[in-house]
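Next come two complexes, and both contain chain A; in the first it sits with chain B, in the second with chain C.
Up next is the complex of A and B:
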């Protein structure tokens, strides 16, 4: 069991490209940290520097307080599950799992016992004599997990381990990984670009962008209080709607001319961005009274995506270039071309400055209605 | 007339050039050699008579034939294994080169574009007992190099020249094989605690086995048949038959010695031998290949 500490970790490639701009991160013992970000954000590079597959340009990496910057991958006592599984095609499942133990000079009897126990744990017992190419995707995935588990390492590293599986298997393996990690209590770092995977697996979530950590926290904290506009847009599906707003005294003027009252302290005339999630835009029915506080905006539905439990409506709001995405309840009968009255709640909206950082505006006070 | 029938002869017409070339230059002479092996011809080529297996019996009773067989075994094994081992070493090193990799690769592939006879002459000059650079250097080191007199040195020289010639071919295939091995496998092995040496022998080498097997077959055929030009220019089979391989002996007995029957019998025996060798390779070595 181990803790992991990254201090100002920087990675610069020989061609001058900086993949990591000083990453700080502390991973607690037994924690499952998920690193998520778009492709090219440096998340895989970060994982590879942890594994020792990439050198560290500057900064320090410690495992259990011991500096490991200069150690070979084998000496760090970590195990990694690769995106393509990286199973040795010429070895049986048993030999694949035993390989790391053999290299470390573990006695034969011990190897047999440990591999069998791990195979049992992962339901691989019947497959030990097979070659990787005789296995299905899910089985290969489990062998890759088994190869990591059998070594009983200090840290597990996962590099997008589920991205080669089909959707159904992915959900199943996601639960399995979560269950195993909780059971084995091994400190883990998990890299993915899939935010559903990230949200469901993580004890804590690290969102990366362009070689920097944007925000780190529990999935719900990131969902509820995204620190930057990037995090706000990346976490949550469909993505948050962003409306350009300007400050007019105590109020924010919306693109359609409506106004939302937020308390003072904001420089008049400054251009800000208001973020609101599709699930937090409340569609009001004909007779509904306008709720206290917030603003009501009108938008014309241009496209409908029924998802069963929910329906996504893409609606045109006056003054806004992009379509507004609204999550409606399943039975909602909004047809294309109909006009939605949407209530925008101050408690459920997020404000970002022109540096894209979150602004904690005190939002209490009521309403000015919209023009509608 | 249906569409198919209308085009019945076109395919044959299109294949004709290739079929004619293979027929005229391979099947016809091969069949003639088989036929010739059962006849004895007079010295002037004016008459011949059926001799049954007499040619074969004569060849198999000749001590020179067994000497040539021994030379061929030593020569072929050395050339095939030497050319493959050196090529593999170079390919592994070239695979690790990041800067200027293409320049290295091109330089290493070049010898393949050199004709066997030219390669032979090149090595002949280098090792010439009176003019050669290498032999002069060897003399300075106290080695008395004269492949015109010393049979072992002569054999070593043709082996070296043949290896040099074949290396590039093997290099290309080994390099392609190495590049087809996913990098993540070696990374996984590194994390699994295998050092570079162990990684090579437990992961890289087994995964190269299809390439190695293919090259083993190709190199055996090369060593048996295609080294004729090199041997002819470097040593001419001498001294004292020390570098006379089976193929070279076919040429010597048939075209120098004018004993066409014996030469043809040797060709037939050689064909059978290589056929058997290839069969053995496919039956026993291929089983160990990891696809």
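Up next is the complex of A and C:
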């Protein structure tokens, strides 16, 4: 049981490359923090500095209030689960799990008891004599988890532990990790580039970009109120649509000439970005009345991706270079070439300034001038 | 790939058999010669079948000092064994540590160290034999086991092979061991050594035979019969001046000299092939 505190943590490599530009983060006891970001954003480096596998250039890292910057990985009382599991190939499952305890001088009887208990917990009891190479991917993954759990560490660190598994197993192991973490209540930091994994596992989510923390909060908070355009584009699948808009008096002019009113003292003439998620664009049927507020835009469907429960439509909107992605309900019969009337709700829209930061402007007033 | 052509099978097996026969014939001739008496050998052409003096020839060589050598063959074999084992074990121990340092530790001039070791591959014993002799003589190591072993104990080949193997070990394994609290020595003992078992076995076979077959160096530094090795003794048995060459002794000693290397290969061939072919990860 532990808290983890990162203060202005910076990592600069010998070649001058700065991988972490001062990261601040407080992880509470028993919390599962997921760090997510594109490759090269520094999320793995961050995890490795927590583990002690990379040195910290400046800033401070404390576990339970104790400064651990200078401590060896083994002295930090952490356990790490690696992407490729990193099991010792010449040791049995039992020895793999026992090795860390043995090095700490835990008595033999204790080791046996703890390994057996952990094996029970992970359903590995029948595999204790096997070598890693005789195990399936999912079993290896569980052994790697077991090796971490058996140590009863203060903090678990997970480095993309599920990315070597196939899709079905990944979902299953994701649930299992969640279940175990809740049960053991061990403070955990989990790194992934898979945003579904991130959304479903996290108590709190940290989105990183280019060595900085872009935003930190609960998954739904990040989904509903992304602080930057980067977070908006990264969280949610398919990604958010971005429309360039300009401010005309009280209104925002859309690329196709339509207008939308958001009540905020915006500087006239400034170029902003409006973001709207594919699932928040509402397709209106023939006879539907235009809802109050927002704007209606027209777009021609160029491509359809049926997913079963719903359908993704890639549609061309006048004045926009990229295709608009719209999530339609499964039964919606939008053929390629058909024209969609899409309602853009002000409540569900996000506005970003030219510095890509969020502008709180979605207190909507009634519509004017939509061309629908 | 397998072809379903019995003719081809037959022809290739025939070729194989002829090849084996050609290689085996000299060994067989040496063996038969070692079982005849000296007078037999000089009276007839080279015998193709075993004679009746075999047991007495071998017993004499093992029990009594051989004329012209001043010691019995058992002693020669023991000397060779000490030298070959010393060289093989020493080479492996040193290369293991050298490769470990080069691959897993960051220290200044690491790259230079590796290349310095590597270029010694191009300098065989014969090239540096005079300075080496000088050094060994100054250290008063002539006619001694250390003198036989030490100058041959460093091996660029083994260092290089082990380095290549170590490089294939995933860095996460090293990191997992660090988190598990294994320091450098423990990592070497618990993880690296067991993983390189087959490579070490293969190197042992190669290095043992290399050590066993050393000729020039032992010839140069041993004058005392107590430190004579069996390979060197063969040549000495042949130089008899005006007397007849005792071929039954020469061939019997050669047969005995072949024993240990053959035994090492037979015992270790399973690991030997594995170590050269696959990397177990």
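The rule we apply is simple: the second predicted complex is superposed on the first by the 369 of 372 C-alpha atoms of A that agree within 3 Å, B and C clash if a C-alpha of one lies under 4 Å from a C-alpha of the other, contacts with A are read in each partner's own complex, and residues count from 1 in each chain.
The rule is simple: a residue touches a chain if its C-beta (ideal position, glycine included) is under 8 Å from a C-beta of that chain, and two chains touch if they have at least 3 such contacts.
Nothing here was measured: the structure is a model prediction, and the numbers come from that model.
Participant: Looking at the combined model built on chain A, do chain B and chain C fit side by side or clash?
Facilitator: Aligned on chain A, chain B and chain C clash with each other.
Participant: Examine A:80 and indicate which partner it touches, taking first as chain B and second as chain C; both and neither are also allowed.
Facilitator: Touch partners of A:80: chain B and chain C.
Participant: After the superposition on A, what does A:175 contact: first (chain B), second (chain C), both or neither?
Facilitator: Neither partner.
Participant: In the overlay, answer first, second, both or neither for which of chain B and chain C A:99 touches.
Facilitator: After superposing on A, A:99 lies in contact with both chain B and chain C.
Participant: Once the complexes are superposed, what residues of chain A are shared between the chain B interface and the chain C interface?
Facilitator: In chain A, positions 51-53, 72-74, 78-80, 82-84, 86, 88-90, 99-100, 103-104, 147 sit in both the chain B and chain C interfaces.
Participant: Along chain A, where are the residues that touch chain C in the complex?
Facilitator: Listed in rising order, the residues are 51-53, 72-74, 78-80, 82-84, 86-90, 99-100, 103-104, 147.
Participant: Show me the residue ranges of chain A that touch chain B in the complex, using the header's touch definition.
Facilitator: Within the complex, chain A touches chain B at residues 51-53, 72-74, 78-80, 82-84, 86, 88-90, 99-100, 103-104, 147, 151.
Participant: In the complex formed with chain A, which residues of chain B make contact?
Facilitator: 182, 184-185, 187-195, 198, 202-203, 206-207, 209, 290
Participant: Considering the complex alone, what residue numbers of chain C touch chain A?
Facilitator: 170, 172-173, 175-182, 186, 190-191, 194-195, 280-281
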